[in-house]
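Several structures are given next for inspection.
Look at the two complexes coming up: chain A is in both, with chain B in one and chain C in the other.
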Partner chain A sequence: MAAGAGGRSAAEAYRPNRYVSLPAELDPAAYDASPEKRRAEAERLAIRSQLKRQYQLQLNDPHRPAVIEDPALIRWAYARTQNVYPTFRPTPKTSFLGAVFAIGPILFWISVFKADRDRKEKLIKEGKYKRPLSLF
Partner chain B sequence: MMAAAGARRVLWQRAAAQLRAGVAAAPRGARAASDLPKELMPGPYPRTPEERAAAAKKYNMRVEDYEPYPDDGFGYGDYPKLPNRSLHERDPWYQWDQQDMRHNWGEPMHWDFDMYIRNRVDTSPTPVPWHTMRKHFLIFLTTMLIMFGVGEMYPSYRPVGPKQYPFNDLYLERGGDPNKEPPVVKHYEI
Partner chain C sequence: MLKIIIPTIMLLPTALLSPKASLWTNTTTYSLLIATISLQWLNPTYFPHKNMTPWTGIDQISAPLLVLSCWLLPLMLLASQNHLQQEPLVRKRTFIVTLTTIQPFIILAFSATELTLFYISFEATLIPTLILITRWGNQPERLSAGIYLLFYTLISSLPLLVTILHLHTQIGTLHMPTLELTHPLLTHSWTGTLSGLALLMAFMVKAPLYGLHLWLPKAHVEAPIAGSMLLAALLLKLGGYGIMRVTLLMGPLTDRLSYPFLALALWGALMTSSICLRQTDLKSLIAYSSVSHMGLVIAASMIQTDWSFSGAMILMISHGLTSSMLFCLANTNYERTHSRILLLTRGLQPLLPLMSVWWLLANLTNMALPPTTNLMAELTIMIALFNWSTPTIILTGLATLLTASYTLFMLSMTQRGTLPTHLTSIHNSNTREHLLMTLHIFPMLLLMLKPELISGVI
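Take a look at the complex of A and B:
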């Protein structure tokens, strides 16, 4: 591994984050050929092949259904829609986030509109409000 | 007449009662029979190692690869936490089962799958590191904003004066009397 300026590896100099991932060429795990990694890859390949086989059987079936259901897609949709409420738990963090993002904007906009209306009412009462031209 | 009206009222009440009973007969959370069985659907956070193994098998993952989202009560349940990689990073030349989504049948989908599709967020590695790009962009942006601000505070332009018109400030064109002598206008000083 070539050391960069000050002894840092290229992967550390790249600093991957939420928006970009590390290129495969800089990732030390890509050059790892240990037996554990190979066994892990073999197991993943076995799972993948099983799934491929199941899909191909359904695809090449002469009486295949019109839509081949993907259980991964069904689980994904179920998890995102119907599984949120049963697994939700009020904790300090969720309560805080709920207050900030759900109740906060409502209270904020109530106060903004009220202050604006009060200011306009005060100007009208004092006679200083210039009515904008309106065609209606 | 009264008997017929009474009979009609009884029928209506009976129909309403059956409707109410029908709605209450189905338990809450009941799904159609065409869906997957409950063991194959996502569930609550796995607490014991056996639940973890069962969840990994359910999601077609290795037990070592399976990592659920932390149990913070956010509503993730036992859904696996996959690496936050967008679909741009997946091999475009491999024969996926769904080529446009770059997704294989049965492969666990990322929680934010619809965000990481190829029309949307792209997390593929960039030639220049992200922090370098951010630094260069912010330097450029702040320099331009500072210069615009300074230009607003101290505007600089060529000296201007009021517009000068010929023919005695356009005396005749402005409706001056042609018989009268126009007032002499001098725009210069010698």
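Take a look at the complex of A and C:
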């Protein structure tokens, strides 16, 4: 690799930052994997290949089901749509969120509208309310 | 009026006695015929108020809703043909009978001149809808959906019944044209305030208002397509229409009472639009967009000016047609993939290009693109609210922005993107579906040319 400006090598110039993680090819640890890491990799590969085998068994089945379901997707969709209330628990964070996004803005906007309407009512009663677009 | 109600009631024996081969043809063409006869109500020669029978009358805010309810019945029948194909004949007849039972009650509700009759028919539409959702929905969650729908509406309408009976004994009549001539009865006392709240709550739940809207996503999602169309296009409008009718009884109370409802409606429009951006379920997205649009309708109905009522009317009609069309489109997806998950229903534009035209049109009207009537309605409501109080423009403007963003999100998720890999073949769109979409978009396009028909003014 040609040396960059200032004589830095590519590995030094392209460190991971907040927006970009280090690709596997530039990570020196990718090539000396510890035994734990290799075992973990092997486990993940086994899970992936089992899922792929199940999928391909259904895909190439002569009596193929009309829709091949992905159980992980179904669990995820269930968790996001139907399992929200049963797994809800009032915590300081959720109470704060509820107050800030649900109760607070309602009270805020009620007070804003009321203040604005009262101001307008006062102006009308004093006769000072300007109606620039009036047809009269 | 009788020439609409009697044929609608006679639709029941038609559905029960038609031979199998012509069941759908008979009921659909018959209801289409009733719909074309109902178009005469849009003719504005009899307004401000036309008394057709001693108990029913139409004026310019009920006529468009009546025409919409008559128009929607053939569309609902068209949309339900596919998922009922496998059912035995008796169940098909039962389904059509349930659908057509709602029809006379809705017509009666929108044309009632007596508030008690309005209440009775308002409640009567609940039972067939409940049957539709809990019997013909597709997922086991339909039971909880039915319970939410039933109990939310019933709990909020019991105070309404009590207040209606009390007002009847106080005023002596509940005939709505006469009520406009009586002096307002409710004062700022506790009794008056609670009566006013009781009058409004049932319709706020039905409309729905943001804090009371929990039944709506459940009911819309779990209902079969005809149930979703019915709920979105008609039953929600019962709430908006009820608010418009009932606020004439409430007199000086709305000065104080309108603030919480306005804040809830406008903030709710913002909140539900933001929820739409995070939805994983397509029908749920459309259901929350219904809440958002009806929030604007409630806000407009609470300030009770001419322009705001007019905007609320146009929005109710255009939202009815748009939302119903979106549910039909989502149903065509569901019938092909048997899944409502957005990630699984992607990339339809290369697969079904003609249907993507309807998707585009429905989404364009949903985000209130000029020159559709949705835009006319939203602009009218925004201007009326701005005149009422200046800071509302922040909320309505943000709501419009979020509406456009979640609509584009829905469009790009369903039409563009990677094709689903787990499907090997999907049926091509058939003529019935194209006809259904045409019949939805056609009134919207025509109304662009003459919006005075639905705008609630002479």
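One rule holds in what follows: the second predicted complex is superposed on the first by the 100 of 136 C-alpha atoms of A that agree within 3 Å, B and C clash if a C-alpha of one lies under 4 Å from a C-alpha of the other, contacts with A are read in each partner's own complex, and residues count from 1 in each chain.
In this text, a residue touches a chain if its C-beta (ideal position, glycine included) is under 8 Å from a C-beta of that chain, and two chains touch if they have at least 3 such contacts.
Being a predicted model, the structure only gives us computed values, none of them experimental.
Chemist: Contacts for A:R80 in the overlay, against chain B (first) and chain C (second): which applies, first, second, both or neither?
Modeler: both
Chemist: So, does A:R39 touch the first partner chain B, the second partner chain C, both, or neither?
Modeler: A:R39 sits against neither chain B nor chain C.
Chemist: In the overlay, answer first, second, both or neither for which of chain B and chain C A:D70 touches.
Modeler: It touches chain B and chain C both.
Chemist: Have a look and say if chain B or chain C is in touch with more residues of chain A.
Modeler: B
Chemist: Based on the superposed arrangement, let me know which partner A:R53 touches: chain B (first), chain C (second), both, or neither?
Modeler: neither
Chemist: For A:R89, select first, second, both or neither according to whether it touches chain B, chain C, the two together, or no partner.
Modeler: It touches chain B, and chain C stays clear.
Chemist: Contact-wise, after the overlay, does A:D116 reach chain B, chain C, both or neither (first, second, both, neither)?
Modeler: It touches chain C, and chain B stays clear.
Chemist: So, A:F101: does it touch chain B (first), chain C (second), both, or neither?
Modeler: In the superposition, A:F101 contacts chain C only.
Chemist: Would you check which partner chain A:R8 touches, where first means chain B only, second means chain C only, and both and neither mean what they say?
Modeler: The answer is neither, since A:R8 touches no partner chain.
Chemist: Of the residues on chain A, which ones does chain B touch that chain C also touches?
Modeler: 68, 70, 73, 76, 80, 82
Chemist: If you look only at chain A, which of its residues touch chain B in the complex?
Modeler: 13-23, 40, 43-44, 47-48, 51-52, 54-55, 68, 70-76, 78-80, 82-91, 93-94
Chemist: Within their complex, state which residues of chain C touch chain A.
Modeler: 141, 259-260, 262-264, 266-267, 271, 280-281, 284, 337-339, 341, 343-344, 388-392, 395, 422-424
Chemist: Considering the complex alone, what residue numbers of chain B touch chain A?
Modeler: 29, 35-36, 40-45, 58-62, 64-65, 72-77, 79, 83-85, 89, 97, 103-109, 111, 113, 123-126, 129-131
Chemist: If we count contacts the way the header does, which residues on chain A are in touch with chain C in the complex?
Modeler: Residues in contact with chain C: 64, 66-70, 73, 76-77, 80-82, 101-102, 105-107, 109-110, 112-114, 116-117, 120.
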